[in-house]
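Look for chain A in each of the two complexes below; its partner is chain B in the first and chain C in the second.
Presenting the complex of A and B:
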């Protein structure tokens, strides 16, 4: 997994390339915490190149969502691939981690 | 083994790097099995990832793990064996936790992703058997 963070005007984007599993999940948790500590509490996870997510990866996404909300912001997912969308649906997480078409549109409207 | 069967096997010390090697090997297996639909590939891969990660995270001391998977006409098979102390696991009790939970989804997710998921304590460790049927695509 390769993870990069970018700060945009009104939100931050974490781009995850490859597989989000137990190996990479701590890296995602750290990236979210660093953003929040630096004052960015509106976070989009760009999953357009995330080919696989397992339960540990889901745990890191849920943890990040909770941290962002506690900080007064939100964490949203964008451009989720079909295989990952299936996992979100099986775990009933598609309701709290609703897919947005693009990272740019994830915080449209609010 | 007949010509219709394609398989992989990965074994070594039970750590997360081994799980990644298993996932790499599965990527290669799917290239040799284009008749397996994408959803069957990804759910079977998910179940293997969950069970092998479960073995790694619950292993204490020096434990080795062997993961094999094969494609036969209409069925995906996997066998995951470890050398950890044999345990009893109530698979039927593995329920999906609520959306706020940050852990505890692994076994429930594995169970939802395959048709057969069995765990057997064995004299030398633990054996997991996974199977998923698929309808070949053209």
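Presenting the complex of A and C:
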């Protein structure tokens, strides 16, 4: 898994390339915490190049959502691929997180 | 199929048929209605035992011997040693043995006691040491389940072996079990037996459970319902995390729906009462945002978005109002402080009182107070599960026996479990009666908590066989009530000549004896020379424990009272001596039985009692006495004569 962080005008983007699993989860957690510590609490996870997410990876997303919300911001996911969408549906996590079409549109309007 | 398993099936069918034949006849033909006060309890107790037998037969129907996994072991593994207050040397002995496990792995001590000495010892031995993170400060700790849940987020192995602090593992434990996960990607759990090294052949406390860690687990395994027993088991991380995610989503969606319902009511009422048109407009707008969020959530829209919108609206409304409304704020503060979200002391979990929540909606608050209450509500029940240390709690926290509850939830999600019948870890059993009674009480309470909170007969996702396997274990813990009847009935006959059956006739014995014989034969074939007698004795002799467990679990789950739960001491010894307060019922029963026996014989001699009836009841009383006598040996027991040192097991 390869993870890069970019700060945009009103939000930050975390781009995850490859498979988000137990080995990558701590990396994601740290990235979210670093952004929040640096004052960016509106975070989009760009999943356009995320091939697979296991339950530990989902756990890291939820952990990030918690950190962002506690800091007064939000964490959103964007451009989720079909294989990952299946996992979200299987665990019902799509009842909590909405998949936004693109990272750019994730914080549109609010 | 092996001949033995075929024979077990034949005997199981025979036991079931003869048992039903006997109990049906008892109900229809032989209840002595003129002495209904003992006759009816007796026939109900016999029906209880029949159902127990039927569930046992069903378990045995699918008993199977696994030959071991066919795939070689693979995947990354962590070994977790859970500890709270056990002696450091005991923990380290287990940890060193765990480090020596042959398959590549990381070893971690999960110290819920946060002891610096242990941390140092672990570091010196090159073993990982984990305690709860800061997130847990001021949050429900959930005992062992919480300890494991915390560690799950600090490690990354695909599989984890869980060991209690006294369970010294065999170096091959992972080699022998990991292959099952490779054989079948849907296997979530492999349980191996719990076996105790500090118990001699007499085993006065009945610690070894060869029937459970043997035929019973093998039978449950046949129904894909092998139980998780807390230690000596390997779990698949993915399955636990999935369980955690599913539980999180369920918790968040239901609590959000609830919070939004009350919030909408609060805002709506304030809007109607408000005289200032600007304020009223503000509140009406807030209410419509909440209502919109409510219908979105009810329509299946993602919860995160809906609550985010509501929170933003609450912020706006609150800022608009704060300039106008100062005087009334103070008065509201303590109402808000009394939010109906309380902690369940036993489970250490947050429970929401629905009635009180509705009461809050009715409370007399100022507009700003109302908005603050909405805000506090959303905070208390918010999406990040702020009431818990971690939003994701993979191991179940609904019971003090987290293992059974977790396995049942895994089964309900479609995961599979395996029982591997080979001793791969050796532990230490309690060494005195007091500790043993505490442990048995805890198991029974936990099992009954699961029955009341998450009944397997009603739980979605389980197969019929799995439902019955879980229910069977719960059912067996109700035996305390039947035991009282079995002790009382012969006493009442010997003392007063009151018959619970119409007659001790040929008809009676022609039905009772075959049923009894078939049952015993089944048991003998299943046990195959194992020492199962202690287990049989204790299932009757611990009747006060089982009854207490039923009552306390009911009071806890239904009435919300604390369980009075205690951690089992792993170093096995409690120096407070014989627990007379707990075992007086057994001693009283023995005295009463003996007195009844003497009086019964005298009554025959003086000619006021019937010989056959007295003989039958004398045998019955003698059986009860032999069974109960186990408690005498247990009370005198002070541990094995030469305690094996932990190093050479």
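The rule is simple: the second predicted complex is superposed on the first by the 110 of 110 C-alpha atoms of A that agree within 3 Å, B and C clash if a C-alpha of one lies under 4 Å from a C-alpha of the other, contacts with A are read in each partner's own complex, and residues count from 1 in each chain.
Throughout what follows, a residue touches a chain if its C-beta (ideal position, glycine included) is under 8 Å from a C-beta of that chain, and two chains touch if they have at least 3 such contacts.
Model, not experiment: these values are computed from the prediction.
Student: Just chain B (first), just chain C (second), both, or neither: which does A:59 touch?
Tutor: Both partners, chain B and chain C.
Student: Which partner does A:23 contact after superposing on A: first (chain B), second (chain C), both, neither?
Tutor: In the superposed model, A:23 contacts both chain B and chain C.
Student: In the superposed arrangement, does A:82 touch chain B (first), chain C (second), both or neither?
Tutor: first
Student: For A:95, is the partner it touches chain B (first), chain C (second), both, or none of the two (neither)?
Tutor: both
Student: Quick check on the superposed pair: does A:69 touch chain B, chain C, both, or neither? Answer first, second, both or neither.
Tutor: The second partner, chain C, only.
Student: Overlap the chain B and chain C contact sets on chain A and report the shared residues.
Tutor: Common to the two interfaces on chain A: residues 22-23, 54-56, 58-59, 62-63, 66, 90-93, 95-96.
Student: Which part of chain B faces chain A closely enough to touch in the complex?
Tutor: Going by the criterion above, the answer is residues 16-17, 19-20, 23, 38-39, 42-43, 45-46, 49-50, 53, 56-57, 96, 98-103, 105-106, 108-109, 112-113.
Student: Looking at the complex, which residues from chain A come into contact with chain B?
Tutor: That would be residues 19, 21-23, 52, 54-56, 58-60, 62-63, 66, 82-83, 86-87, 90-93, 95-96 of chain A.
Student: Name, in rising order, each residue of chain C that touches chain A in their complex.
Tutor: Residues of chain C touching chain A: 153, 156-158, 237-242, 244-246, 248-250, 252-253, 300-305, 308-309, 312, 382-386, 390-392.
Student: Could you please specify the touching residues of chain A with respect to chain C in the complex?
Tutor: Residues of chain A touching chain C: 22-23, 25-26, 54-56, 58-59, 62-63, 65-66, 69-70, 74, 76, 90-98, 110.
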